[in-house]
Amino acid sequence: MIEESTTPTEPMLQVDQLVKHFPVPQSLWGLLTRRKAAMVRAVDNVSFSIEKGEVLALVGESGCGKTTIARTVIGLEKPTSGQIIFNGHLVDVVARQQHPEFAPLEPGSPGTPEQKVLPFVSLRRLHQKAQMIFQDPYESLDPRATIFDIVAEGLEVNGLARKRSERVEKVQRALDEAGLRPAEDYFWRYPHELSGGQRQRVVIAGAMVMEPDLIVADEPVSMLDVSIRADILNLLRQMRNQRGVSILFITHDMGTVAYFADRVAVMYLGRIVEIGPTRQVLQNPLHPYTQALLSVVPVPNPRLRRKRVILQGETPNPIHIPLYCRFQPRCPRAFERCTLADPSLMQPVRNVSGAVSGGEQHQAACFLLE
Amino acid sequence: MALESTQTLLSIRHLSTEFTGSGGSLARAVDDVSFDIHPGETLGLVGESGCGKTTTMLSIMRLLPSSGRITSGQILYDGVDLLSLNEREMRRYRWKEMAMIFQSAMNALNPVVTVGDQIREPILQHDLMDHEAADRRVDELLDLVGISKARKDQYPHQYSGGMRQRAMIAMALACRPRILFADEPTTALDVMIQAQVLELLQHVQRELGLSVMLVTHDLGVVAEVSDSVVVMYGGKVAEYGTSDQVYNSPQHPYTQRLLEAFPDLNAPGEVLASIPGYPPRLNDLPPGCRFEPRCDQRIELCSRLSPELEEVTNLDHGSLTSGSKPFLRHLAACHLCTSLEKRQ
Amino acid sequence: MSESWVLIKRNLQEFWRAFHRNKMGILGALLLGSAVLVAVFAPLLTPYLPTDTIRDESGLGMTFASPSVHPPLGTDDAGRDVWTTLVFGARISLSIGFLAGFISMFLGSTLGILAGYFGGWVDNLLMRVTDVMLVIPDLPLMLVLVATVRQLKLNVSPLVILVLVIGLLYWTSTARLIRSQVLSVKERQFVARSRAIGAGHFYIMRKHIIPQVMPLIVANTVLILSTSILVESGLAFLGLGDPTRPSWGAMLNFAFERNAISNNAWWFYLPPGLAIVWVTLGCVMLGNVLEELLNPRLTAHHLEGGENMISRKEANLATRPVNLNRNEPGSIAGERSGG
Amino acid sequence: MDRRDYLFRKLILALVTLLVVVVLDFFLFRVLPGDPVRSVIGRGVRITPENQAALRAQFGLDKPVFPDQFFDTLVQWATGNLGISWSLRQPVNQILAARLRNTLMLVSLGEFFAIILGIVLGLVAGWKRKTPLDVGALIFSLVAWSTPTFWLGIILLAAGSSWLGLPTGGVISPENIDKPFLAVLPDIGKHLILPTLTLTIVYLGEYMLIMRSSVLEVLSEDYILTAMAKGLSHWQVLYRHALKNAMLPVVTLVALNLGFTVSGAIYVETVFSYDGLGRLIQTALVKQDYPLLQGAFLLLAVSVILANLVADILYTYQDPRVRSA
């Protein structure tokens, strides 16, 4: 178990200056002519934190880096730089080979200040306590495994619940909690015998059986029909309420964010451009990108058709991120300052559109706030 | 508004389509579907996956795969029943009168033919003009959808997702059709690109006086652009009316639940309503109302008798329907919506 | 464990349900199965040995006796019973084919799985090797190899040389096939999910990768068998077989070299060829059907609709009067609910 | 991957393959026991040890096998000098040159008919899936694929010579050998009928199978539905949209299959006593004429490598996804 050495105010997950770059596969010709490999700057210096029992939504269009963050947090990708602190423990990718459990830092060895004071958590530990829910329920279940095997996989891999009866009991409880009742009926079925919503419930059961502290949900409902979506979101919310699980909710859909998240971070081209409590971000967006994004979300009421702010062109390729403010080439409100410097997250000094100030928590990376 | 015109452009009457499964089992994908499209109207055909909306569209174009078969009904285009035409006659209607755009423009464009050639092809096919004029028309079309005509000699893989969908729209407009079928045209796109494409669609529609049938699962998109809405469930029409009627005074319990389940930015509630259970499988439909197993308002009759699509008579939710535009009828297939004497 | 046994049984039943309706698959299995039975029970099927010379009443060897003289298949140039040579030849042909096929299958799948899963330089090396091997013409290479090995006088049976040469040269296509399948399986979300849960490489390969590619391996093994049997017959025909233990290909070599054609001894050159076709056709049919059943891809295509899309008979019934025009009285609803 | 990179890769691959072939060819024959000099002079001839040593020095055999002999041989091969055939006592390159034309004629005719027929049959079979035509074509291809080339040749030889009176073998009738090429063209053609037919049938099966499954796959694509929706007739859809896409795998296969093509030629030439490279290899093998075998193998491998490269270049014109970045 991870020791409860942390104070209640300590965040469950803290991501510090996370950077993840992928080299673009080089062509043979390029290799021979020794051209420098281009980099996809998928995540370009991102920091945020999630409190215990909190739901943070990471919103953005495809290619903005939100899924890369999810995969990095869960340990599927190794960060290029930056730190991930999970429940007060520094996640160290290297620790897995060296130390199966905790990897205490040797005294006197170099390291960041955090490394000196924080105990490490191995990836193995992380895998147990942080679980991921994937986008496509048709793809995230092995078609040749039974539901029991799928849900029990986490237990088996991590050597938990070694006794069969114990495992059966845990799987049963997890399926039951995920709304698949009676659980025994599902044990020996295959994924193709289930509907999309049922499969996503299986995925959630597979995550909950590990009794996680953090769930990273990557677009968990975007492949599902509207009538099923609410079910799955409500199930996740119920898990949060009953067990105090923190959730990192990755989505492109502002609508679900409004219902589900406590706080929102809006991403554009590998950066968080705006972050704050859901209600404030949705009602009083500070960043022009957030404003545009919100204005084009379809509203299910023909009486409320309104002027949409449609950005021209498409999001630039993350290989060629514009200099200075990365949103500036498409920004309807860009001014001189935007082509001179790169804004970082800041609080509004004065009320931008006369609306209420978002308070300390509400920040955006835009010079209009100065 | 074009809706007020008395004449209809396309009338679907009692259309039923069946699919033969691998073991010879029959699945009724479209069951007794009727609706109208007027000139200049945008009709939204909404429903969840497997509700028969795409099959309806393919049935109208008569492009079903071999396992599918239209078993009954009429498709009246300008008074002509398309189902009575032979294949050769039908071909003259395709693209010239009714064109389509698909969800995945990448798959719907031929990877080894240049975009320009693909746009020009139907113009030449329908003998509308000679080669040179057709080339000029391609330039015009590309200009209309906002693609530089220098890119017409490029191949689809050189286009971005949004541009492919624009090229697809240009192609659909090539023969100046009167109806455009758009099957989930924005589903695979990001919200911003989606907004761009929707705006383009609305723009060309206004410009050319097109009718559009928008087939989608996205209630929000339909609300943004449609004049009238057909809600499908389990192969049947559940509700049919103007957008205002369907969205602001939904009569069918399915429509009501669906709208509650759709997250609304402007009025986020504490809990998102959900519909218990799962949509029916088309080869295993309930005997009565298709929605009955999931319906929270079901009465005894629902499990026995499948309700017909009828005009809504017992409006509990205010009489908005008949009030504003008396000639626009609001239809729903639910026993609760019909008058009491009919229920017996 | 009883559950897993039940599951296996269920899977097999499901497979059988799909398979037994497939005429091509059944036919393929029958062709291949009967050939294997013949090979196993060869001594029971003939009173002679392959070395026996058939003699007439006067004790002279009967050469090129037609089937009517010496049933069922006549004799060859040396007066041996063709039927006997044929059924014993099944043993040689099938065992070389099977051994070589399994060697190449084992090599190909192992390398394909490792290269596909681990990627990197292992994969790169493997792919370049297969690229090169695909371009070099195989038959000349094998001829040269067999000739060289024979010159070394290593005192091994020519049949062993054949098995090794075929087995070690024909794994490349399998390796490529399995590799590409592994590559696509590896990218699927359930593998990412397993990794996120903390599963190691070995676990993922055992639990997720191999079960996914196994059907392909099975189907491909059957197909590879046909290739190796064909290749063996070709090499034997060119004189690289074991003359003392003739396979079907070697029989054809004898027939060709010893003028069976000009002697019109069709009973000498037709049966071995038919036997080869019999077995390879069986493998090809079975393999294709297995691949189709275990790895389904195609469902329908778009040109099959057309004229017969509308069922005419019923379409006529639909011409009842309906009216959905919204500003006129009477509606579909009104008219139909009465009836 | 852009076109330049694609072609660059293929070129490097061709060079590496060439290197592998050369190395194999050189060392395989060096592994062989026995003194090459002995074989050159012939078994019966007496020779003093001194003369033998002189000859060894003349052939460069006294130097170490690697690197000296290897590079010497390499230079010789590059200049077209492939040594002297032991059995025919002629320069190998001259023997090969004479045979190459015959093989090329045979193989290109066989490939030509097989490709055309395979593509057409495959297209129609895929389009008319599950009709008797499709089933018939499928059975034919499967049987053709399963039939050993040489056996098919034997049957056609037996049938063709006895029933149709076609020549039983050779490239040309003996009495015509010295006449001008054009005058004997009908005779050459007559000799080509049966071997070409054999090759065509054997290649056809595989091309048809690939074309058919490729057509099936292409026809399930959305752009075919788009083409149908455009009001094109089935034939127009097939011709304008399906054919080009469906042919891509066939082009790849033709390139990959060149090795297979060579095998076919060896069998057919053996059966029909057709004086081409294939038969040469077989004879050289029987007579243990290693320089000839070595040279023939080298020539075949190089031809296949070159043909493969040509096919790769052609492919870039077929598929725009390779042509442009």
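Think of it as A, B, C and D in the order they're written, each chain with its own count starting at 1.
Basically, a contact is a pair of C-beta atoms (placed from the backbone, for glycine too) under 8 Å apart; a residue touches a chain by one contact, two chains touch by 3 or more.
For clarity, every value in this text was computed on a predicted model and none was experimentally measured.
Counting hops only between chains that touch, subunit A reaches subunit C in a minimum of 1. Averaging C-alpha coordinates per chain and comparing to subunit B, the farthest chain turns out to be D. Comparing chain pairs C-D and A-D, the larger number of C-beta contacts belongs to C-D.
Nearest to the common centre of all protein CA atoms is the CA centroid of chain C. Subunit B and subunit C, compared by their mean Cα positions, are separated by 47 Å. For this pair, subunit C with subunit D, the centres built from the Cα atoms lie 24 Å apart. Between subunit A and subunit D the centroid-to-centroid distance comes to 57 Å (mean Cα coordinates, whole Å). The geometric centre of subunit A is 35 Å away from that of subunit B, both derived from CA atoms. Of all residues in subunit C, those touching 2 or more other chains are 300-302, 304, 306, listed in ascending order. Residue positions 221, 225, 228 of subunit D are each in touch with at least two other chains.
In subunit B, the positions touching at least two other chains are 63. Residues 48-49, 160, 162, 190-196, 199, 217-221, 223-224, 226, 243-244, 247-248, 257-259, 261-266, 268-269, 271-276, 278-279 of subunit B are the ones touching subunit A in the complex. The touching residues of subunit C, when paired with subunit A in their complex, are 3, 6-7, 188-190, 192-200, 203, 207-208, 211-212. Chain contact summary for the complex, subunit A toward subunit B: residues 61-62, 195, 197-198, 225-231, 233-234, 237, 252-256, 258-260, 279, 282, 292-294, 296-305, 308, 310-312, 314-315.
Interface of subunit D with subunit C (complex): residues 13-14, 16-17, 20-21, 24-25, 28-29, 31-34, 127, 129, 142-143, 145-152, 154-155, 157-158, 162, 216-217, 219-221, 224-225, 228, 234, 237-238, 256, 258-260, 262-263, 266-267, 270-271, 281-282, 285-286, 288, 293-294, 296-297, 300-301, 304-305, 308. Interface of subunit A with subunit C (complex): residues 71, 74-76, 123-124, 127-128, 131-132, 134-136, 139-146, 153-154, 157-158, 188, 203, 206, 210.
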